[in-house]
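Below, subunit A partners subunit B and then partners subunit C, in two separate complexes.
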Partner chain A sequence: MLTCSQKPHATQSSVVTAPTASVTRQRKKRGTRLAGGLLLLALLALALTLSVAFGARTVGWPEIAAALSGQVETIGDAAVASRLPRTLLAVLAGAALAVSGGVMQGLTRNPLADPGLLGVNAGAALAIVIGIAWFGIDETTTYIWTAILGAGLAAVAVYTIASLARGGATPLRLALAGAATTAALSSLATAVILPRGDIAGLAQSWLVGGIGGATYDQIMPVLPFLLAGFVITLLAARKLNLLALGDDAAAGLGEKVAVARAMSAVGAVLLCGPITAICGPIGFVGLVVPHACRLLVGGDYRWLLPFSALGGAVLLTFSDVVGRLVAHPAELDASIVTAFIGAPVFIWIVRNRKVGAL
Partner chain B sequence: MNPPSYNATPSSLSQHHEHHPYRQMRRAHAKRRGRILAVLAACLLAGVVLTLMLGQSFTPLTTVLRIMGGAEVPGASFTVRELRLPRAVVAVLAGACFGLGGVAFQTLLRNPLASPDIIGISTGASTGAVFAIVVLSLSGTAVSIIAIAAGLGVALLIYGLSWQQGVTGARLILIGIGLAAMLQSVTAYLLMRAPSWSLQEALRWMAGSLNGVQLEQALPLFIALLLFGGLLLSRHRDLETLRMGDDIAVGLGVRLALTRITVVITAVALVAFATAVTGPIAFVAFLSGPIAARLVGRNDSLLIPSALVGALLVLLADYAGQFLLPARYPVGIVTGVLGAPYLVYLITRDNKSRGTL
Partner chain C sequence: MSASSLLTQHLTAGYGERTILNDVSLTVQAGQTTAIVGANACGKSTLLRVLSRLLTPEQGNVWLDGNAIHKLPARRLAQQLGFLPQSPIAPEGITVLELVSRGRHPHQGLFQRWSAADEAAVADALSATHMANLADSAVEELSGGQRQRAWIAMALAQQTDVLLLDEPTTFLDINHQIEVLDLLTDLNQTRGTTIVMVLHELNLAARYADKLVAMANGNVYAVGSSEDVFTEQMVRDVFGLESRVIDDPVTGKPMMIPLGRHGACKRKHASTADRETQA
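Moving on to the complex of A and B:
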């Protein structure tokens, strides 16, 4: 029985049944969304608890409660208190990277887009290194602007390189352009750092991304950028839905394609640039989370982006906790953990799509 | 019954062939190839001699020759024998290893992008080497063995993961890039957290550097080059035939599985041995083959030309990194900055003929 509403020449009976079918489908969809949202919120609560409770030092509930209420008297209290800002940063960074990755995937219509793989993080890192070495920047706000500049330039460069060839920016071209750009930019960054023994300590932060040692002083300046990024990307969500239909279709539906692209790109860079400025490069969050969320809420970016924000927060917070537990009493940086979670997903995506159609 | 040409006398046969245009073309071709190889080898030799002469101070050729002959020249012996010679020798050997390993993969997979440094095999080898050096505190051949094991493991993993009723180049490259990104983070982490390494040392190693190489390190590299390079060369005919496609190669009597396994093992071993000594020098494996193809033409065996080009690349890039730039840079930085534009060119090039990219 064909009751699908997609049938162009609908008979009388299917017109009657179509609304009911789509209503049930919508109800079902709403149910999945609700369940998924609740699940993500529960996971986030769990991740937050774990992140506060576990670490190099084993602490009990009284110490956690004391630290949460602002009393820092014992070493245990202090340990818990120092876990609070990094937990906040994990939530923010995870959400920002995941939304940024989701937007890039929509923008490039490419399932493999991710700020790390596309060389955007490497661009931010190089810009910061140059800023520190040659221009002596030392304020967090300046770091952030520099990182945004670098990330933006790298994003434009990678996308331009990949779309220069006939046939446009295929996933393979985009991934390769990202790999080439990353290689060149990290070589340049190393070249800038090596002659300068005094700033070599920075290398650690731009080679291995992590959220350990975060302080509120570092986090505060990022907030306005992230807020702007979230607002812009959410406003661009409807435009991304139209872009997903293809440029011609989007233009036909009255969308200004160039404006839509520029807006989404600015939003994505505002989200991943500042995070790279304070955490260093954290890859794969932006790749994995939107794909996982697509399974929950489908391809509608108005839903996908908020869900990705939640999912990213969960993933990065969990990764940070895992990093603390695996290498106890030392720590594994969160970016290593996300790489180990992310690479298998990346491979799964590559295997499950026809590469030509990717 | 027989057609006349079959029972022709030897003299007429040779005469006949002498004037055959195809024969002539081939001979001219072989001559040209020989000339190019000779020029490459001469450039390499000249490069080695020049890097022995030039540096912070200038050592005249005669003095270099006397020192090589065993004479002690105050003020120059140390520089030439301890500083410049090991560097030049290791540069040539490692470059040749990278060049051979790279072109073997590119030929086997029929794709210039499928070089070990892009599809993650070099990254695997360097992760193995770093693990052996930093965590297990090993040195010398043990490091190379672990690097080879890791490189082979990663190669197998990439191949296995990209298998889906056959392996397409695009899928293999993409999966390699994904794995490389993961392994890269492991290498960076191991090096950054190593207590015995300063950050700058770690950075140099990760970029690929010839700093502080010893002549003793050259011997295993030389043996590896002879052994695995020889093995690879012994299969070069089969490798050439594979370029025409698997089916044609099988039809022409190539044992596909055996050739593939031999080529993969020898190429990984070459890359891993070099990586264990110098670190992953970026893009040498990727660049050597295509440059060699430009020089001698695509239809010839590229193994020896690529080895020469690789050696020349590393030697010159190392010299440039040491003396031609405002500060001293490890060789991998120079090749990294050089190689990326070529990769960009390959991506943007209009290639309708090859569906894989």
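Moving on to the complex of A and C:
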């Protein structure tokens, strides 16, 4: 290969400016990322503090300190202690759902994709409803496996339906198949619950989705799945960057498109399936957070996914706190709050910026 | 960088039940620019997809320097052979620099960091395509010609010996078409990159390609220099079009003027007008 200086255009100033421009740009970008990351961390710290400090019972600093150090003596201490696991769950669920949504947007190249749209949440929900109604499941671990099974089956079904036509599973076909499957599975879930008055209340409260009443016993079984999900999706980040250029261009750059899609999908299902199992379907986090983070760090998934994890944790923790405060002394489920916060944010994003091709 | 040649033998390929390519044997010479021309649905894009391994042939194989490409690991193939699809999609907000950097993918391991070689390859690709001063611009804000140059820069950063392009000039104004084809010729001449492209515009194909491949009905109709292949007979057989082929006054290569149903008519008007002036 010839070097720059041997080429006929070497005299052009562009040869000289190339490295300088790229370095300046990278510095500027690094600055934005650093500032954004610090901002998200600060917001997360604030959300964590509020989540521990506020709730149905008003507590003071001594009780918070006591609960954090593990000494539960008064009712106030106990109230704070009970907020710790739900705060942890809010952080985990928010991060998992946001990353899962970002991955699904990347792998379908569809800006509106999220675990809700691709039929994954509906699949998990139907599996759990069937489990409750027909098999009487009541253990957390069983819930998780049932949900992962349902989510996985739904994802495979959606992908298969989308692949049937010539040309394979394009983003548009995936979105259509996902929407149709979601509608069908949700109707089935309703059909399963309707004749069963005895479980209607249980299934209904689960279907609304929330993180109140979480215990460590519930959270522990989810952790290995989430860990696997985070690792897989982060490893898939570079593949998502290539898929964003279109299947043909990605293949031309040496990526096995089917493998990249499958790997990302497995990671996304491992993140949203277990969360749906213990929280019920929580919408908007997976949709809104990755878009908001795109404004901050751009479309590079190696940055987008970690930032989405932080952003999702912040959004869901705040939503949970707000849910505890607005209906005081009762509580509003976090999923209802995320819809109230998420919908306007989403509309704002769509209006301010073309949420176009990814 | 040594030039690489591509070879197909008895290639049959298609989509499902539909066979598009039928027993195609073709040799692409190393270091040359080859243009594939033909009517719509003659199989030229399908041939390019098989050459770039996007489509697996039902029979036959594609050989790159003696290696069957369908047996090479994907990453290794991508180090030797680049492919630019027709009207590729740029993700929203991506800058030229980011796009070109993604061309380094086949040279990077899973945990490998951005290296000096990567940086040099990207800077080199940007300067070769005159895109260095636009490195920070968003791809979506560029003109059609600039956008195509950005994609070509991405393919250059891939540093392959062979570059396949599917209709790189489609949707471009004539000045941008010339700009892109001039750029590809520069690459071929300075780096010895073997270039294979599908082109719609016959006259441009004849002008820029060392070798013309005319395709009809899923097979190769003729291969050779444009002087040998580009005849009125070929245009008639391949495109079903009556034409005059004359020497291009600028390059001396053949160029085609379609007759059409109204071409002769206008000439008659002109001669009538001439006669009236004379009278």
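Quick note on the criterion: the second predicted complex is superposed on the first by the 298 of 358 C-alpha atoms of A that agree within 3 Å, B and C clash if a C-alpha of one lies under 4 Å from a C-alpha of the other, contacts with A are read in each partner's own complex, and residues count from 1 in each chain.
One rule holds for everything that comes next: a residue touches a chain if its C-beta (ideal position, glycine included) is under 8 Å from a C-beta of that chain, and two chains touch if they have at least 3 such contacts.
Since we're looking at a predicted model, the values are computed, not measured.
A.B. asks: Once chain A of both complexes is superposed, is A:166 in touch with subunit B (first), subunit C (second), both, or neither?
C.D. replies: The answer is both, since A:166 touches subunit B and subunit C.
A.B. asks: Identify the partner contact of A:235: answer first if only subunit B is touched, second if only subunit C is, both if each is, neither if none is.
C.D. replies: Only subunit C is touched by A:235; subunit B is not.
A.B. asks: Of the two partner chains, subunit B (first) and subunit C (second), which one does A:156 touch, if any: first, second, both, or neither?
C.D. replies: So A:156 meets neither subunit B nor subunit C here.
A.B. asks: Using the superposition on chain A described above, determine whether A:179 touches subunit B (first), subunit C (second), both, or neither.
C.D. replies: Only subunit B is touched by A:179; subunit C is not.
A.B. asks: Could you say whether A:39 touches subunit B, subunit C, both of them, or neither, answering first, second, both or neither?
C.D. replies: In the superposition, A:39 touches no partner, neither subunit B nor subunit C.
A.B. asks: Let me test your reading of the model: by the given contact rule, A:191 touches which partner, first (subunit B), second (subunit C), both or neither?
C.D. replies: In the superposition, A:191 contacts subunit B only.
A.B. asks: Given the touch rule stated above, what does A:336 touch, subunit B (first), subunit C (second), both, or neither?
C.D. replies: A:336: touches subunit B, not subunit C.
A.B. asks: Per the contact definition in the header, classify A:88: touching subunit B only (first), subunit C only (second), both, or neither.
C.D. replies: Neither partner.
A.B. asks: Quick check on the superposed pair: does A:137 touch subunit B, subunit C, both, or neither? Answer first, second, both or neither.
C.D. replies: A:137 contacts neither subunit B nor subunit C.
A.B. asks: Identify the overlap between the subunit B-contacting and the subunit C-contacting residues of subunit A.
C.D. replies: Subunit A residues touching both partners: 166, 355-356.
A.B. asks: Along subunit A, where are the residues that touch subunit B in the complex?
C.D. replies: 112, 116-117, 161-162, 164-166, 171-173, 175-177, 179-181, 183-184, 186-188, 190-191, 193-195, 197, 200-201, 203-204, 207-208, 283-284, 330, 332-333, 335-336, 339-340, 342-343, 346-347, 350-351, 355-356
A.B. asks: Please name which positions on subunit B make contact with subunit A in the complex.
C.D. replies: Listed in rising order, the residues of subunit B that touch subunit A are 113, 118, 161-162, 164, 168, 170-171, 173-175, 177-182, 185-186, 188-189, 192-193, 198-200, 202-204, 206-207, 282-283, 326-330, 332-333, 336-337, 339-341, 343-344, 347-352, 355, 357.
A.B. asks: Using the touch rule from the top, collect the residues of subunit C that touch subunit A in their complex.
C.D. replies: Of all residues in subunit C, those touching subunit A are 1, 15-16, 52-54, 74-79, 82-85, 88-95, 97-99, 102-103, 105-106, 110, 119, 122-124, 126-128, 130-133, 135-136, 155, 158-159, 186, 190-191.
A.B. asks: Under the definition above, what is the set of subunit A residues touching subunit C in their complex?
C.D. replies: 1-4, 6-10, 12-15, 17-19, 21-22, 25, 109, 166, 235, 238, 241-242, 244-246, 248-249, 251-256, 294, 298-300, 354-358
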